[in-house]
Structures are given as structure tokens and as C-alpha cells.
């Protein structure tokens, strides 16, 4: 079976990871999974939220949002509505938890890093692109804090690993990797999987959109996702290997 | 290994499902998983949200909340804060999706059922208790709509199956079923699993709280959860088999 | 004249006061006035609001709310609407003032007690049931603070008396005690009266729903309410006399 | 005993009722009770709120607010805080109920009158001044709707009586009429009483600020208030008797 | 060409500046530009916002609002809507900036002055009347702080000049000074100009309501506005020259 | 005098206008004025706001926002704060008015175009870049509505001209065109000017940040701005002349 855009079921969309996109943020990555484009900016500040003060430990959190016309039809701004929707809350929390899974709070020291993931254009998989890009922005921000500003001692290792994410789903009976919007809409089951670079799971969120799924379908999706995350981890590594002229 | 409350790793807490708790709601269930108590009220109204009008299809949705002192320390009311938190949003959406997985919208007709799941006392697993109890309240509300008010033709079958949920987690290296609060706090991995009565999956949400988890750990947790849901489905069936004197 | 539920005009509905309902709160009472059920949880915390710091005096406050389906038709959640309605505000303030009327702030010391009164099922008189139940929860919370946690010296007497409340109204020309919902809807005049155990008044709130009322009608209602509160004070005393096994 | 401002216990402050204050409103009254000044504007619109459509009946409602510097120290604006406080809600509802007590909804027809009561300067008794002034603005607005705009047939009588309000309280053991701010602060008991012109009660709201009050104290306060309202009704009548050149 | 109210194009409406209007505020001015009436209350408090603490410098800010029935048709209260509209924000900011243009923060010391400008009746030019009146209230408040409360040393000069404002516009091809509401609605171009007493510009805000305007039209409007502000500055001087008996 | 970035006082920063940036919006422009980058998306929908229905006329409006890390230090999201700030409101309104100045509502028909201007990176002049870019997006959206979707008859001319904007200011005594952030901070006077392509003014907003400005300074700034807008109009024309492959 050939997919809408000609990919095989096991194939990721073209992925680009552009570091140093904004001149202000300590880490700034424009990540794209096909037509999905997310700007991930990492902001480092000295100090931690009040409930963590004096602990000697740092904090990492994330905020996700979509531009009103990132999608095919315009959505109302959450700032204008005066409240954040459930979906936005859910994804912001997911990104934060995913990144914290590879953070050594002690090594980070009492510093806070906020990851702003703003979807500039959406075509499915915005949360997984956001996690994958935000990891790279986070790594850059930590590097900046160690080498430029000296907030974190260069000898420390605040990152205990790498983290990436991908969506999988069953469309017309076939498990597919990295769904684009059209596939996502038609999927019976939709799963977002976050893995560390060493192949372990950080988050598994599977939802039966139409039909409940059987254990073997779940297994097939997990296989597909684990392979996809391994590939993304390699792309992250390559992106971070280049020298950033900033 | 014996658990805090003396259970085996594969054992549910004592579960009670009390139907007809409130005199006003069309379906009203006080469900308890050990010391976790959730009041699930189902409200049936004729008509559907605007975006669904004229479709001939119904709608099922849910709202979850905790009383301020359901927990060990008092939490501020979301009504007083003027906004709903991310966790509340997330759980409300999860309950709604889980119930909709066993609904035939056409058979429901243009009617709406809202499930209010209010946690009166919390001791871990409030969302899974809520789903398990809400299913029973939903079944009662549909029965009421068919037999008392005739909103739904008695010949139709709006429910395509049953749905229940349970939490599982790895505590000190051991996979455990149905975590109480103290176990939940100490868990490395925490997973909520929603299954249909025929053993398929509706939702799988696993989170590495501390350490990422390996595939075999994930498999052990899924086994445990599937068995727990089967047991809960049987308890739901028994509860619904008794005659409700209302 | 016989009432809807067979009571005489001077008769209260069956009243139950169940202490120790929730395991978490320092004082927890499920009070029922007929089919009206209110869960009153008292939370004790060391310290006082900022405007009272350093005064050596404590504070007691209350928050009232109804579950969405406590009533015959479902009401929208105030947390979802993002604002608290006027009626909720009004009743919360009334409960707080009523309880503070029997508090010696000095004896309480710089501690705060919050009374959460959540209506689980409503059938008229929710505010008066809440005050009556909240007093008992408050007494339990103070006992706990004196004997378990030692926040308040056992020699002190933070409570200067007892407080209870009841509704009265004129229905079809007859003054009635403790209106149920159906009577309340039909009442020309509706009054809520809060009394101390020694028969004095803390709050008198009378409203002409339809026809303005004459002075002798007001007097008849006050007589009825004072007698009702005396009866409730006796029920509170009995409830507090039993030993609470917690 | 002489009062702060030299009045006897039974004496009102100087009361002025200035009609036609604003050129835009259909009824516009600047009422003053001593240094308390409230601008009461009545706005008439054709039609009623949705829940009343087709009933053939009208609606009257009120909104109360204070300018930020109406008081001795500046208060934050409720519009800036983004929410209306409990006190504001409570008073707005009280004014609305008081005015509706003398309205014949049928005679009003499907028209709505909103009374905006804005406190320009506060010195105690703002809610009672607001009710007293709003009644006059309401009468003017109804006159306008009958004679200028023909929204209401001139033969109809939408007003079934008159309504006025006054505060009373016990200060240092003496019952006093129409408390100014300094007296209000020192009062043990504080009561707001709303009466119709024929001497019946519309609202009685008594609160023990410090000490609970006995039945004979309550009686003394009601006597004082009833006499005060009679006096205010006479002042309202005189104000409305003059010809308004508009 | 004669204007609606008989003025010449270069003529202001009758302007009154009534000082000491409210007894509570440190500066209180009821300003009227024809039928536009704005109450400007200045509140002085010791201390400054957090971001300015320790700077030795003071702060001046303003809040503008309209009573709901200040206009011909009633507007909803922003406190009820729960949010401040863009127009209100814009004008509040404009008034604050205009006043700060004549403030020497150092001479003011770490004190804050808030100007509340509440429109009691509107007939065009509310923002310019507000600025003109607020300046006088500000001057009174500073005088009070220097002579009564000693917050500011009498030897200091926190005011570096005077400030007033006026609207101008092109109606039917003719540039007009100080537009009333009916003229404002019909204007092609509308400009608000804020000047210091020595004839320099603080703010120039010109908007093409219908047709873009040419440079020579802009020049004509600026000439008109500058002359109007000079006249207003003289009226402010006269108002402040009288002795305020407070 | 040479400027920070080597420009002459009369020189714009490098300006780029990239059309077709997003694949979803009917008009999508990424505009940059030096390091200031604003994404302007135009969304066309059939129909108009309720207050305009049946008029036969269309509507154009705009919403401006900044990404949290568009600036040097991270700003809190307005969606998270739950309210839009005054500055955001002000700029959104300015953009909308500026674009409407060149719209023939009749020719637009009952269609609405919303311009979302999201600042991805800020370095001064975000509102003027937004207006300049939004005009181009608007032109593209109208073209799309005429040629692709036929919402507007191709024979009509909804655009009556072109519009662009630029900032000017006096820094250290010298009038400068198109201030970057560092210049803006140091400016005594700051002015935003919006012009049509034929050299007339749509908006002139000048503010004395420090020192009030004299008439000749104002004139010098207007000269500079008019020349800058002419240059920008030429750049817009060139951008629109190229064929957009979409």
C-alpha cells in the first residue's frame, strides 16, 4: 500500500531541524516534520519556581500553542477567549514531562528552562515534532548556560539522555508511522510515543478513535514507533553535531 | 512482597458500585475503589450541541472535578481561581473519549448525555474509578431514556459494549494493579488503561515518572491491567443485573 | 393543613448529622435535612491571611457550592463558566459570617479554618443545612487542632457558643418551618434565620418573593424559626456527644 | 446621647433626590443621604431576556458599583480584577429584588428596565440610598416609556406601590437610624430594611457584626426602620411631584 | 459655517473645572467640556510598584472608564464582562503617559499617584476632558502631599509643567475644534492632541476615519489644537489660582 | 552621525516581503524589517459579524500578538494570563483601522478578512512591519477570493489603494527613520505613521517618551516618515508583481 504522499508505512516524513532560528532565545529550533513546522524556543533563567526554592534542583517546563491560522481553518486565539483549551493544556504538560525524563535536576542547579513550542504550520504530529525539536533547543540552551553565562558548571551533565517522539496509527487496517493530517483524521487508532535515545519509553498514549484495538495491534504500533524514534534520535544527534555559529 | 494494605500485586482494592445514589440524575452511581469515592451523575437532555445538529447523532461528554478537601491537603476551587487546570481538562477529556468508545451515536439519536464525575474522597485512581462508575451511570441513564421518557426507542442499542479502567504501575521494581495514593507517589512508571468488556484497548496512557521503562515492563503492565479490567467489567455487570427500585 | 410530605407547619424534616464522613478533613460532616444533603469539610491550617498576620487572631471562612446535578436539572459548573455566580458568593459569605459569630479569634490563635460546604443533593434549605452541619465540622476541627496537632492550646475555648440555621416561609397564607424545594417555590415570603444556641439572632434575611409582608407575619416567622433553631441546636449537641472513632 | 453629626437616634441624614441628572438616561437620579451620593440611571429597552420571551411580561434588574475612590482609601476596579466581588453581587441582587416587589410585570409589557446605581461618594448606607433613588429613577423611566416613547400604554400601572430603604444598627447599646460610615464600623448589629410606601416589608437583612442580638433589640430596630422608610417615601413622593423639565 | 451648537470652528465648548468635588480623594475634579462630564480623582499612596522599588523615583498612572449609561444607549459594564476593552485600555494608557510627561519622578519621591477618570456623561471628547481635568486633580494631590501629609518635601517641584488636551477633526471639509459627539460621528479625520502649557506636543493621535488626510489638512488641525490647548491651559491656571477650602 | 547598524538617518533597514509563507492561509506573508520578523496570515470567510449582517458590506479586522520569546527576555503568554494587555489591544486596533482605510466595504461584499500578525522575532517597529506585511497578505487574500473561490466578483475593486507604515523618532537630537529596538529605547520622541501609497496619512501617532516635542521637530519626523512609506509602498508593489506559485 502506498500512502497519500508516497511514503511506505515505516517511513518518516522529511524531517529538518534548524538550530539558531531566533536570535534572542538561548536555544531556538525550527523543526519540521513534512509540512508541520514548530518553532521551539528555550529560555533559561536563574532561579526556580517558589515551591522548589532552596532544593538545589532546577526545573524544566513547556508551553505549546498554535498560531490561529496554523491550520486549514482559522481557530480563535486562546488569549482572546481568555482561557486555554484542554488540548493545549494536555500537550504542554506532555512536552514538559517528556523533557524532564532526561533531566538531572541536581546537575541543572537552581535554574529554570522554559520551552515555548509554537506551531507555525500544522499538518499532523505537532506534539511529536514539538518534543523532538524542543529537545534540541533544550540541549542548546544548556550548552549556552554552561559555556556563555556560566549558570551551570561545565563539568556537570544536566542531560541524562536524549528524547524524541513520533505518532503512529492504524489507517484502513495498516499500521503507519508519522501520520500527516489527512491520515490522522482517518485513523482508527492514534498513538503518540516518546522514547529515549536508548530505546526505552517515556510516554505511550494510545487512543481508539473509532474501534478499540487488540493487543497485537498495540504491539505492531509500538514496534513502528520505537523504530521511528531511533531514526529521529539519529537526526537530533546529527543536528547537534554541527557547529552553531552564534 | 506484600503491599501497604496487604494486597497481592494482582489484586484490586475492594470495589463498590452503588446505583441510584442521587434522586435527581437519570443515572447516579457512587463508585469506590478502596478509599477513593467518586459520584458519577449522568444527565440526559434532548438535543445536541450546535455543531452536531441535524446529524441524527447523539453526543456523550464528561466533566471531572475534585471537591477541595477530597485530598489530604485542601486544594483551591477551580471556580474561585476562575480557570480549570490542565489535569482536570485532561481527565475530563479522557473520561468522555472512553465512554464514547462504546456508544453508537446513531442509536442514541439527537440526545446528549453529560457525565459529571465528582471526586468526594481521593486515594489514587480517581480517573479510573470515574470511568468505571460513569459507565454504569451511563447505562442507567440510557435505560431511563428508553423506558421512562421514550427519548430513545427501546429497540435501539446505543451501547455497543462495556468499558472499565484501572491504573497499574511499577513500584520498587514490581508491577502492581490499582495503585493507592501512597503507591502512586512512589511509582517509577504509572499507566492508566481503559478496556472494553471484550478485552480490547480504548486508551493506554503510560508515563515514566522517574525512569524510562523498557518494552518488557510495558508488557507486564498491560497484562496486569487487562486482567484488572476484566474483573471490573464483571463487577459492572453484577451491579447492573440487580433491579434498581426507582 | 397537612404539608406535601405530611409534616405539621412547625415540624423539621428528618435531620441527620454524620460526623467523620471523609477521612482527610479535620472535621467532616454529611448533614441532611430531608433530601437535602451537604458535605461540610473543615480544613485547619496554621497561619492567617496576610491582612491578619501578627494580630494574634485567627480566621474562619467558608465556601459553598453545588454539584452540577445536585438539582433537578443540571446547572453549568462555575469552574467551567470561569466565574462564581452572585448566589454562590452570597451564601458563602453568609455561612462564614454565621460561624464567625461564635468564634473567639484570640482563643483560636493565628490559625485558619476553611469550611467547604458542597451540596451533593438539593431539596430546599441548602444554606441552612450547610450552616448547621458546618458548625459541627468546625467543632470537630477545633477539637482536632487542640488534641491531635496542638495548634490551639487545649485550655482555650475558641467556640463561644453554637450556631444553627433554618428557613421559614409563608405558603398559601400559612407560616411553615424548614421549606422543601416545592414549598420554597410556592412561598410568598422566604426567610433564613441563623441563631445561637442561647436563642439570640446572628442573621435574619427575609425576602418578599411575591407580596410584601406585614409586621405580624414577620413576627410569626421569627417565632417559628427560633423554635426550629433550638431543636437543631439540640441535634447538634447530641451529634457532638457521641465519641468519634478516628 | 448625641450622634457624631449631632443627629438624634431617630433622625435621617439630610436627603436630597435630584431628578434628571444625566441627559441620556430615561430616568436619572442623583440621591444623597448625607455624604453618600449615588447616581441612579434607569435604561429602558424594548424586549426581555431570552428566558422571558413570549411571556407578555417585563423585567427589572439592577447593577450596583462603586467608583474606585468613592471611599476613603482607593479600591481596585472590578473590571481590572476581571471579576465582580461578592459584596457587589449581593447588593445588585438586593436592589433588583426590592424594585421588582412593586412591579406588575404584565402591565410593564415585554420591556426591560436596568437600574445602574453607581456610588460616586460613600459614607455608609450606599445600598439603601441606591434603592431609594433607584425607585424614583424607575418611576421616571416608566413615565418616559408611557408618554414619550409609547412602549407602555399610558392606561397601565406598572408600579404597584413605592419602595424605599434605610439602614439601622445598634451602636454602643443604642438603636440608631441611617448609620453613617463611622457609626456603621462601630455597630454591633447592622440591619438593612426595605419597605413599601404602605409600611410592609420587602427585605429585612440583619447581621450580628459582633454580638448576636436578642428579639427585643430586633424589634426596636424594625420600629426605627419602618419609621425611617415612611419618611423616605414622603421625600420620594415630593420629589416626583415636581415637574421635570425634560 | 455655523456648528450644531452655534460655535465657530475655533471655539471650545463651555469648560468648567470644579475642584474638591469628592471629600475622600486627595485631588478631585469634576471637569466638563459642554455635556461631557468626567470625574477625575487623584489618590496618593506612599510607595511605588515593585519594579520601581529602591529607585528613589515615583510613579503616576491612570484608569479611565465610563459609567454604563454615560452614553445614549447603555453599554455593558466591563466588570460584568470580566475584561477591559481595547478602547478603555488605550485611553487609560494615553492619560497616564500624558500626565507623566510633566512629572519629575525624582522630585515626586517613592510615591504613587493614581488618577481615576470616570465619565459620568459623555458627549464627545471624553479622553481630552479627562486629561485636562486629571492634570488639575494631580496638581491638587501633589499640593496635598506636600502640605498636609508631608510625603513630598514642600521645596520640591514634582510638576515640570502643565498639560491639557483637545480633540480636532475635519467635518464636511472644515477643521473644527473640540468636537461634540454628533460632530465626531460625522468627522472624516479625528485627532486628539495633548500639549504642555508652553505649547509643545506630548501626544498627537490622528486617525483617518473615512478618507486619508493630506499634509496641509494635518497642519490646519495641529494649528487649531495648539490654540485650543493654550486656552485650556489658561482655564486650568485660573482654576488652580482659587483657594480650595478643604 | 552614523547609526548603530551603520544606516543613515533616512535609511530603512533591509526589508523583505515573502509571500505564500504558510500553505493554509489565503494570504500569507513573512515580512522582515531588519531583525523584526512578523508572520501575517489573512483568513477569508464568507459572512460578516452580526452587527453588519444584511448591509451588503464586508469587514476587515486584525489581531496582533508576540511569541513569548520574540523579545530578548521571555514575556508571559496572554493566553496563560487569561487577558490581553493594553499594548496588544492598541496595536491590533491600529492594524485593523489602517487596513480598513483602503477597503471599499461594498466591493468586498458580505465577506470577512481577518489578519493575524504574529511577531516571531522583535527588534523594534513590529507594528509598522505588521501593517506593511498585512497589506500584502490582504491583497493576496482578496485575489484568492476573486479568482479561486469566487466569493468576490473579479470585476470589483475592494482595495482603494495601498497602505504601509514606518516608525520615526528623535534620538540624541536627530530625527531617524525606522528605529531598531536599541534606538527606540533611547528615543525622546517616538512616532508611528501610516500612509497610503498616494502619500496621504491614515494614522499619525506621536508620543513624547521623555521631552515634549516642538512643531518643527514634528514636521521633520513627518517628512521622514512620508518618504519611508513611499519607499515601502514601492517594495510592496514589487512583491505583489511577482507571480505567486500557489
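Residue numbering begins at 1 within each chain, and the chains themselves are lettered A, B, C, D, E and F in the order written.
The working rule: a residue touches a chain if its C-beta (ideal position, glycine included) is under 8 Å from a C-beta of that chain, and two chains touch if they have at least 3 such contacts.
Here is each chain with its UniProt name: A, B, C, D, E, F = Ribonuclease PH.
On a predicted model such as this, the values are computed, not experimentally measured, just so you know.
Counting only chains that touch, the fewest steps needed to get from chain A (Ribonuclease PH) to chain E (Ribonuclease PH) is 2. Summarising the inter-chain layout, the chain whose CA centre lies farthest from the centre of chain E (Ribonuclease PH) is B.
Rotation angle for the C-alpha superposition of chain B (Ribonuclease PH) on chain F (Ribonuclease PH): 120 degrees, rounded in steps of 5. Of all residue numbers used at the contact between chain A (Ribonuclease PH) and chain F (Ribonuclease PH), over half are used by both chains, marking a mostly same-residue interface. Put simply, the C-alpha centre of chain C (Ribonuclease PH) and that of chain F (Ribonuclease PH) have 59 angstrom between them. Averaged Cα coordinates give chain A (Ribonuclease PH) a centre that lies 51 Å from the centre of chain C (Ribonuclease PH). Averaged C-alpha coordinates put the centre of chain B (Ribonuclease PH) at 33 Å from the centre of chain C (Ribonuclease PH). Among the residues of chain F (Ribonuclease PH), those in touch with two or more other chains are 82-84.
If the chains shown are joined wherever they touch, the resulting network closes on itself as one ring, and no chain has more or fewer than two partners. Order of chains round the ring, counted from chain A (Ribonuclease PH) and going first to chain F (Ribonuclease PH): A, F, E, D, C, B.
Note for the complex: chain B (Ribonuclease PH) touches chain C (Ribonuclease PH) at residues 22-25, 28, 35, 39, 41, 43, 45, 63, 65, 67-74, 77-84, 88, 114, 116, 118, 120-122.
For chain E (Ribonuclease PH) in complex with chain F (Ribonuclease PH), the residues that touch the partner chain are 83-87, 89-90, 92-93, 97, 101, 161, 191, 195-196, 198, 200-208, 212-215, 218, 222, 226.
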